[in-house]
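Here the chain labels run A, B, C and D in written order, and each chain numbers its own residues starting at 1.
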Amino acid sequence: MKIEDVEKEILEEFEFFGDDWEAKYEHLIDLGKSLPLIEAQFKTEENIIQGCQSRVWLNSELKDGKMIFTADSDAIITKGMVALMIRVLSGQKPEDIVNAKMDFVDKIGLKEHLSPTRANGLVSMINRMKKEAILNIEK
Amino acid sequence: MIDIKKIREQFPILQQKVNGKPLVYFDNGATSQKPEVVIDAIGNFYKTGNSNIHRGVHTLSRLATEQFEQSRKTIATHFHIKNEQQIIFTSGTTDSINKVAQGLAKHHLKSGDEIILSTYEHHSNILPWQLWAQKNGGVLKVIPLLEDNSLDYVAFENLFSEKTKLVAITHVSNTLGLITNLQKIKELTQKYNVPFLLDGAQSAPHMRIDLNQIEPDFFVCSAHKMYGPTGAGILYLSEKWLGTLPLASTGGGTIKTVTFEKTEYAEGALRFEPGTPHIAGAIGFATAIKFMDEVGMNHLYEHESYLVNHAQKALKQIREVELYGANDHKAGVISFNVKGQHPFDVGTLLDKYGIAVRTGHHCTQPLMQCLGVQGTVRISFAVYNTIEEVDFFIEKLKKVITMLQ
Amino acid sequence: MIDIKKIREQFPILQQKVNGKPLVYFDNGATSQKPEVVIDAIGNFYKTGNSNIHRGVHTLSRLATEQFEQSRKTIATHFHIKNEQQIIFTSGTTDSINKVAQGLAKHHLKSGDEIILSTYEHHSNILPWQLWAQKNGGVLKVIPLLEDNSLDYVAFENLFSEKTKLVAITHVSNTLGLITNLQKIKELTQKYNVPFLLDGAQSAPHMRIDLNQIEPDFFVCSAHKMYGPTGAGILYLSEKWLGTLPLASTGGGTIKTVTFEKTEYAEGALRFEPGTPHIAGAIGFATAIKFMDEVGMNHLYEHESYLVNHAQKALKQIREVELYGANDHKAGVISFNVKGQHPFDVGTLLDKYGIAVRTGHHCTQPLMQCLGVQGTVRISFAVYNTIEEVDFFIEKLKKVITMLQ
Amino acid sequence: MKIEDVEKEILEEFEFFGDDWEAKYEHLIDLGKSLPLIEAQFKTEENIIQGCQSRVWLNSELKDGKMIFTADSDAIITKGMVALMIRVLSGQKPEDIVNAKMDFVDKIGLKEHLSPTRANGLVSMINRMKKEAILNIEK
């Protein structure tokens, strides 16, 4: 699936909750719980993305011209957000990742998680994903 | 007693909604909200009295100087100080501590000297001393905690040596709300003849403080945690240090005469206030102090204790909650965690209900290491908080716990 | 061009009377007045958005952080800086200079090293260096003045030696209004490979400043002289120093991890902003910058030049007046004396007519010694001043001269 | 004359000007010009009272149980104010000087000169005069 298609899928999924933020967050928490954990060997200092509070581990590799991301976080809501990012970007071509706007986060009403407050590591995580993608274009 | 409804009406921000819910502001340990009188005092200064101070002959400058110096007096009186020159305006607690650390590093502190801190300390009362210690071969000694997370005063006494040059300690733990035993501090520092710095950032907002009686060498606090504006705070110096603390920073307004070779400095507070001060900040700070004095520091303390005890009791009844340093004698602060959950998740969900709490390490990472946690959820009260808010918070916390399970 | 009447209406303080007379505020070099947008930005922050920043997960904290960081961006853009992390919030020019002096003193400056200053310097750009020099055996070298009170750039070049470690110089003389030749400074500091600090306290309020083009190592200015609030200012660091300037002060908010033994610091601006910043001040400062940008820095400069030239011409026609550093190329400031009269007397009487001027040494005693006077009368303009005010001032000055004779 | 009587005299003198500040200041300037200068030998560093701007020199001696003050200033308006102070306090008994309220300054509408702004040295001068008086009581 193309990035836009995954985004559209997520949008539809969240539209279902309307203004019911509790349902939305319960879904996010479920997503967090379902995130395939990163393999223990990748939970390294190097792979850590330091937010001020919740930590995110991210591992990336290139496979058949596509970026494969796996990740984890110690906070479940962050993990839910991470799960969404991975769903959109993992398995995509590096070029497409670099150009991804990620504005679906805004559209599903979770923009606050992408604020630069350092409290979670999500902005840094997206930046890291794009950086890895760039490195793999240049290869 | 005090009429909380009337008090709340004085705080414009409390009238608003967050995420469509009424704001329940339990993040007062980070910064308090401001009453209308404070906001107006700042606005009115800029609208009618703004001018630079001290050196002007024109009317506005004279009036601004008078307001500024009167603010110093108001603050001195609040802390039971007679000589208002002992009150130095700074940009906040952190700035004040740095000024002391930099000043003491010039003559008072030598290589090999020791400073005693407590496990409670905020980074702002650790890092300035660490910076000195690392550069000059100094040593930081740390008062450990007992089982109940109170300070171990027996171990404290054992930390003293001939090399002890300062005790720098917080009056109230910003993370746990526990209150330091000043009697003990005074007794020990007098016994070993060591100066002490009292970090009042978390006590000054909540209780009556009589510096004349406590007799610290240095006392520091921030206006923004005391219903006052950002960018303002004080450094209180004892008579002895007022005359002798070496200058860390310097500049315009601190002098009698200057040549490129030599400067003769002014006396009193001015010597420590280089450059244009935060004039509106000093005036706003004094107005906030007046607001607190009108409520009455004892009333304020009682009300907040009531909230703390009520909240603690309710939290104890929630099986999933782990409390840290629970105690009847506290200054407006409670820390806890929901077992197995990240404080970030708890805080994020409470926020969706309009409840503002703080989560994380609260700038006390060493204390976190000691408690064996990454962070906590902290609720901290001000005079405008109510029992109803506490009950609402408890109700929603239970909801959050269910959601996260 | 610009509609001064409309601009004046935005300044509440200008609507008031002093000593029963309309306020003619010519003391802008000391501090400027504030437009309503700035006063409101501060008030609104406290009324609707107040919270501590950076570490909070709750909505108010996030919004306050966004406002604060957006303010940094606004200021960076104004000074033509791409990386806003190079803008450090401080409490003002004096604080900024002290931070540089204290930081450089840690490694960069050694005993016997030399710093070049100019005769123009404000005490705030002398004393911090003097403090270092006296403690560490450093040497201050001073660029002398020519007959016309401009800087002697030939003598300047001769001051350089292998021991020169810094040039710290004002962009505009706060006493004379004369503008430093930045081309020359850049050329010489590059030729001798010496870092330079530019004191923009008196230039930033009056002219367009492109730091990307000037390429100083350090640039400093104060919000309160730029239509902004008190207690706020910036320290701009070049990319090189952002990563390497040693910390002078430290505390909460600057770190990644802390133990009592060791601290890992954060990167960028945060490293230099310990403690709770003057959040309302940063927001007010950015609002003031937007106000200036809306007027347009070039329009502002033109208007003030017009006032300066008009006033200088009129003053030259008064036999009793002695002008200092009169020149067509100035940034809003004129200094003079009435022959045989003390500036204090002149200022006191002008004040009775509602005219606020500054008298005295203007925190530039070395310059006073060089001019051979105790003090001067200084008038300094802002964008809201008018030709009518200048004419009124000239008329009353003549009256004052008669009274004093 | 007793202190109160001199004060009353000055009050009447200034009442004459009503709200006309120009006349009042012209009078003050005249008073400044008429101040008997301090003898050059007393214009010492020790006798200087440093305001931020105008300087005041003050000399005091005890003569027949009364304090005699002479003074000068480099600013004429300050000198006029100094002349008033001297007129009230010079030739008085130390005890009376210590107790003098000096509120006539307020009443003649020149209170601003006694503000703590450091710009002139008048507050310091009054303090110095009282201090000298105290020293001479203790003798």
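Here, a residue touches a chain if its C-beta (ideal position, glycine included) is under 8 Å from a C-beta of that chain, and two chains touch if they have at least 3 such contacts.
The shown structure was predicted, so the numbers you read here are calculated from the model rather than taken from an experiment.
Looking at B-D alongside A-B, one finds more C-beta pairs in contact between the chains of A-B.
With respect to chain C, maximal separation of chain centres occurs for A (centres as means of Cα atoms).
Centre-to-centre separation between chain A and chain C, using Cα means, comes to 45 Å.
In terms of their C-alpha centroids, the spacing between chain A and chain B amounts to 38 Å. One inter-chain figure worth recording: chain A and chain D are separated by 78 Å, centre to centre, where each centre is the mean of the chain's CA atoms. Residue positions 52-53, 119-120 of chain D each touch two or more of the other chains.
Among the residues of chain B, those in touch with two or more other chains are 19, 55-57, 59, 61, 344, 348, 359-360. Taken together, the chain C residues at the contact with chain A in this complex read 53-57, 59, 61-62, 65-66, 69, 256. Touching chain C in their complex are the following residues of chain B: 12-13, 16, 18-19, 23, 25, 27, 30-31, 33-34, 38-39, 42-43, 46-52, 55-61, 91-95, 97-98, 102, 106, 117, 122-128, 130-131, 135, 140, 142, 222, 224, 229-232, 247-255, 257-260, 262-263, 274-281, 344, 347-348, 350-351, 355-360, 363, 365-366, 369. By the touch rule above, chain D contacts chain B in their complex via residues 50, 52-53, 112, 115-120. Chain contact summary for the complex, chain D toward chain C: residues 21-22, 25-26, 29, 52-54, 74-78, 119-120.
Here chain C touches chain D in the complex through residues 19, 341-345, 348-349, 352, 359-360, 374-375, 403-404, going by the rule given at the top.
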